[in-house]
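Pasting the structures here.
Look at the two complexes coming up: chain A is in both, with chain B in one and chain C in the other.
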Partner chain A sequence: MMEFAGEQVQGAVQAQGGENGASPAERRARQERRTALMLISPGVLWMALFMVLPLVMVIYVSFWTQTTFTVEPTLTVDSWVRFLTSPTYLASTWATVRIWAVVLAATLIIGYPVALFIGLMVRNQTLQTALLVVCIIPFWTSFLIRVIAWRPMLGTEGAINTILLKLGIIDTPLTTLLFSEFAVLVGMTQIYCVFMVGPITFMLSRIDPSVIEAARDLGAGFGRIFFKIILPLSLPGVIVGAIFVSVMVLGEFATAASLSGRKVNLLGNIIVSQVGSLKWAFASVAGVILTTIIAAVITVLLRIVNVRKEM
Partner chain B sequence: MLSLNSVTKRYGAFTALDRLSVTIPDDAYVSLLGASGSGKTSLLRVIAGFEEPDSGTVSYDGKHLNGVAPHRRGIGFVFQNFALFPHLSVENNIAFGLRYREQEPVVDPADVRQRVADIVRLVGLEGLEARKVTAISGGQRQRVALARTLVTEPRMVLLDEPLGALDANLRERMCDELRAIRERLKVTFLHVTGSETEALLMGDTVAVLSAGSVAQIAPASSLFSAPLNADVARHLNAYNVLSGKAEGGHFHADGARFPLPDHPVPQDGAPVDVALRFDRISVVAADAAEPLDAVIPARFVASEFNGSSVLSFFRMDDGTLLQVVAHLSGPPPRSFESGALYKLAFDPRDVISFTERAA
Partner chain C sequence: MEARVLKPILGVYCAAFILFLYGPMIVLAILSFQGAGGGPQFPIIEWSTYWYRHLLGMTEPGRISRLPIGDSLLRSLTLAVMTTVVSTVLGVVTAQGFRTRFKGSGVVFYLVILGMIVPGVLVGLGMALLSNLLGINRSWWGTAFVLHVVYTFPFAFLVMLAIFNRFDRSVEEASLSLGVSPAQTFRRVTFPMIFPGVLSAMLFSFTLSYDEFSRTLFTSGRELTLPLTIYGTFSVEIYPNIFAFGVLTTLFSFTLLLIYALLMLRAVRSARSFKGQEEAA
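What follows is the complex of A and B.
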């Protein structure tokens, strides 16, 4: 027994000598660095192969020479010039930004009160979770079905027109409901609202109820408490929600394609149609511009609040 | 002067406050002693207005507070967990009430700064104004919570176990400071605690809350020396409480019989509770010959050494546990033999009897 203990001590001393006399703390730190590296390497590898590399490729291809049916690796700025001088493409860039801004505002205006209710009014955690699950029930069906479901709703003989006609509010069916920018905005707001509700609810449910009571006790009315306590404390949730919604809306093409009747062409739609007709260089230009817009939006949003510090 | 009149508050089938009536005087330090679950926090929440009573009235200087929102009552509340605004600095936490209250907010920034500086000096937070409240110690957070309430100049401050989250030596220091701050500001502090030492130390007046109503409210010293009923005596954690019957002017229970005091007059055969202070009992050997006025035979269980005193536990034959305190300033106490029989001797004049038994 004594001998065995002695061997262990000797082994430890040898190990220490083997690592150039590093202190136990240094060896522990080295070990932890190794573990961390092992944990992140699959993700880093994946991202490098399937995100960074393709991104670099897209930028490269955007400078290739495009002919009707082929694309050649001869560097030129033709595709860029064509995009930046065409009113059609600039208009669709503007439409993308405009629809993003409206949908972001709409999801925030509709989503925040819902989150306020679930996160702050409902104090039972089981019920909170149940209500959040209710919010994601639409996601049990496919994306396309959710989008197409708006057609019988908004169409000329759709539910809304029928109801308005029956109530005598209108005489002829509204034709602007479906196949218009309005339809795209409604469809996108409905689909992406839950991505706003989730993060805000999470932040609101972390507010200690006694903090709000304390503010009341100090004499503040509801408005002051909302703008000085509740809103600042939930702001990280708003930012995270806004990033989710922004990334998804800016890259959208399906909702616009199926609800606008080809009237609304977002950057996403341009990429799809250009790829469809094998215009790789031009599709790459649109891709680079879209990626730049998304990166700018995220940067601005992250500037508003230091999410890392607040979470 | 705050008055509660027959206030009842129920949570489902549980009655937290049961027809509670009490009057809290102006310019006083009142401590409210109660075990957990006695309705302490419910009482504070009803006074502050976070909750409305099911019946009964709350009034201040004769004016009804029922239905008045918390932010219009002028009553400050210091939360047990401090409830500081986590996104604001110490200074902005303290200034919150002044800037954002609905009634008469202080709009002049210089005025706000001056008042915050005054209160910061009063509670001893100088130099920490710009810190985030998440970056200061527990004791400092306690001071911020107190300053944040005091700066709004409430007519009354409710403190919900304000020292509960602090460690022992900090607690003692805060005790002194709380009393000093209150005396300087001349407002009423209502300090809720589950600790009898804290209640007696802090309060000019002590109220004992038991089963949802106030069992006794009296100056600290008279409450301690003359508890009104067995329940109050139990809360003070300084009395052995025995239940028995009165027989011929004597207390009678299994294994104990001794003379009862003349007041209140003992009725023969009536149930009676007696209270006997831990430190008024001396322990003598079972075979001691000297005549004694009153004794209870009991077996020694165990002792606890508390620094300046020794607390010993004895068990009577019927299982009742008795506590005896020997102060070490006197002659060194003998050590007792576990399981051995002793006589617990006392002066019958030290016995307090209660003829009306608390339900």
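What follows is the complex of A and C.
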């Protein structure tokens, strides 16, 4: 707040000084810049107060002293020591990273061929748009409903078991489908796959067909065309998709809570349960660790490709 | 040659993928017509609309309690409307500011975009801590509302930025230099040009806020929103009434989408007819 007021005063002083010597064009440019700053300030203020400040608060409170039902602002590293020495919490950190890695790989492997078909094989613009819309429509169902929809699908008396039994592939229903890590992985892959398909399709549809034709005329096989032309050109899409999927999977807890039968505890689940028992300092430690992991993942992903340059 | 083989294979694969996306919802929709005594699984003992009537409170009170969706639905809709208005206004105003180059625009851009990236559970936790520290009561119309805007404002901002990038400034300047007042210029020139963007920003904000859950979880206090009510049923045994609810909310969302499409179509048509007038003259 103080800084903002200071800037405005400075701007006003500059503007006054400028009115004596500067040309009308300069004065107008300055006026425009001042208007621009005025226009962006409500948004910046909103983000600073309601996003940056809460995040700073999480870091700060992670060093507070935790008593049974409340936290006190006496600084300590107790919560950190407890987190980093507890096998349970380290295991859930590891589970978060493991599930993120598997879901990321699954969305890429399952999604890439779909993007290849929509973005590159379908050259009819209308059909392309229609296919993308078909992929996006499920997002108009509530997220929690999409999660819960996997229960009648995977359950012991669910659709998959019923079909497999009817076909005679299995004799007894599979019980490991639901309430297991597998269910969480399947659910997350289905929910987040489209975020991978979208950006890759976008990059693929921008490839000039004549480039591929030229390569083919020069005698390159499909494998060579794919690895030398298609894959490198689609890489920025893969990275953007990977960032979307990573951020969403790492911050997840609802899918694990409803499909794993409490067998999978992600960092998000730790935060929810700790807040539930008023262990604010501890929840904050988990929050800071989660933030660190997300920041590290995004940094690494952005290192691979300069997305800003390529888009 | 290889492409000729590959294309049908990928086509079939793509169809399988779409089935993967829709499969659970189809099963859920089928099971929502389960009979009164049936559970949330196969077989369907009897086809009926019992769970829809149960959801709407049109059945005899029985063993299974009704989903408490009435109040929470109203809260969620109000919250979504509030979020839509504020984040669309913020989005338009901020994007308007970005039409002029200024120092630090990169930092501001990333600051805004961060709002859609940062996990809801983190800002939710931070906001809960902050309200504890300041002694503010947490509520869906206060602490949860500001977080919803943090989430939807970046979407509105990006949409408006894309619109303003394609926007020919000289049209506005021509209107102003012809002596039309700034208010009139905004109403007759600027607004019709940015209207499709505003509509898209509103659609984004509304649907994202209406469905938002992780940002609301720690910040809504005692009065629950619709997604929180649904989440509350996760911990106990589920019944087909939640499936019926899923079908109904999906239909509601499609209605919204249809209204959006119709409004968009009208905007495009009127723009076209305007161009036609110009040509005729």
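Simple rule for what comes next: the second predicted complex is superposed on the first by the 268 of 311 C-alpha atoms of A that agree within 3 Å, B and C clash if a C-alpha of one lies under 4 Å from a C-alpha of the other, contacts with A are read in each partner's own complex, and residues count from 1 in each chain.
Keep this in mind: a contact is a pair of C-beta atoms (placed from the backbone, for glycine too) under 8 Å apart; a residue touches a chain by one contact, two chains touch by 3 or more.
Only a predicted model underlies this, so the values are computations on that prediction, with no experimental measurement involved.
When the two complexes are overlaid on their common chain A, residue A:Ala220 makes contact with chain B while staying clear of chain C. Touch criterion met: A:Lys228 reaches chain B, while chain C stays clear of it. After overlaying the two complexes on the shared chain, residue contacts for A:Asp208 are found with chain B alone; chain C is out of touch. In the superposition on chain A, A:Met51 contacts chain C only, with no contact to chain B. Touch counts on chain A: comparing chain C and chain B, the chain ahead is C.
In the superposed model, A:Pro236 lies in contact with neither chain B nor chain C. When the shared chain is aligned, no partner comes close enough to touch A:Gly119: not chain B, not chain C. Overlap of the chain B and chain C interfaces on chain A comprises residues 221. The part of chain B that touches chain A in the complex is made up of residues 48, 50, 69-72, 75-77, 79, 81, 83-87, 96-97, 100-103, 105, 148-149, 152.
Partner chain A is touched in their complex by these residues of chain C: 2-3, 6-7, 10-11, 13-14, 17-18, 20-25, 27-28, 31, 39-43, 90-91, 93-94, 96-102, 108, 111-112, 114-115, 117-123, 125-130, 132-133, 146-147, 149-150, 153, 157, 207, 211, 213-214, 217-218, 227, 230-231, 234, 238, 242-243, 245-246, 249-250, 253-254, 256-257.
Listed in rising order, the residues of chain A touching chain B in the complex are 208, 210-211, 213-221, 224, 228-229, 232-233, 310.
For chain A in complex with chain C, the touching residues are 32-33, 35-40, 42-44, 46-58, 61, 110, 113-114, 116-118, 121, 131, 134-135, 138, 140-146, 148-153, 155-159, 162, 190, 193-194, 221-222, 247-248, 250-251, 253-254, 257-258, 268, 271-272, 275, 280, 283-284, 287, 290-291, 294.
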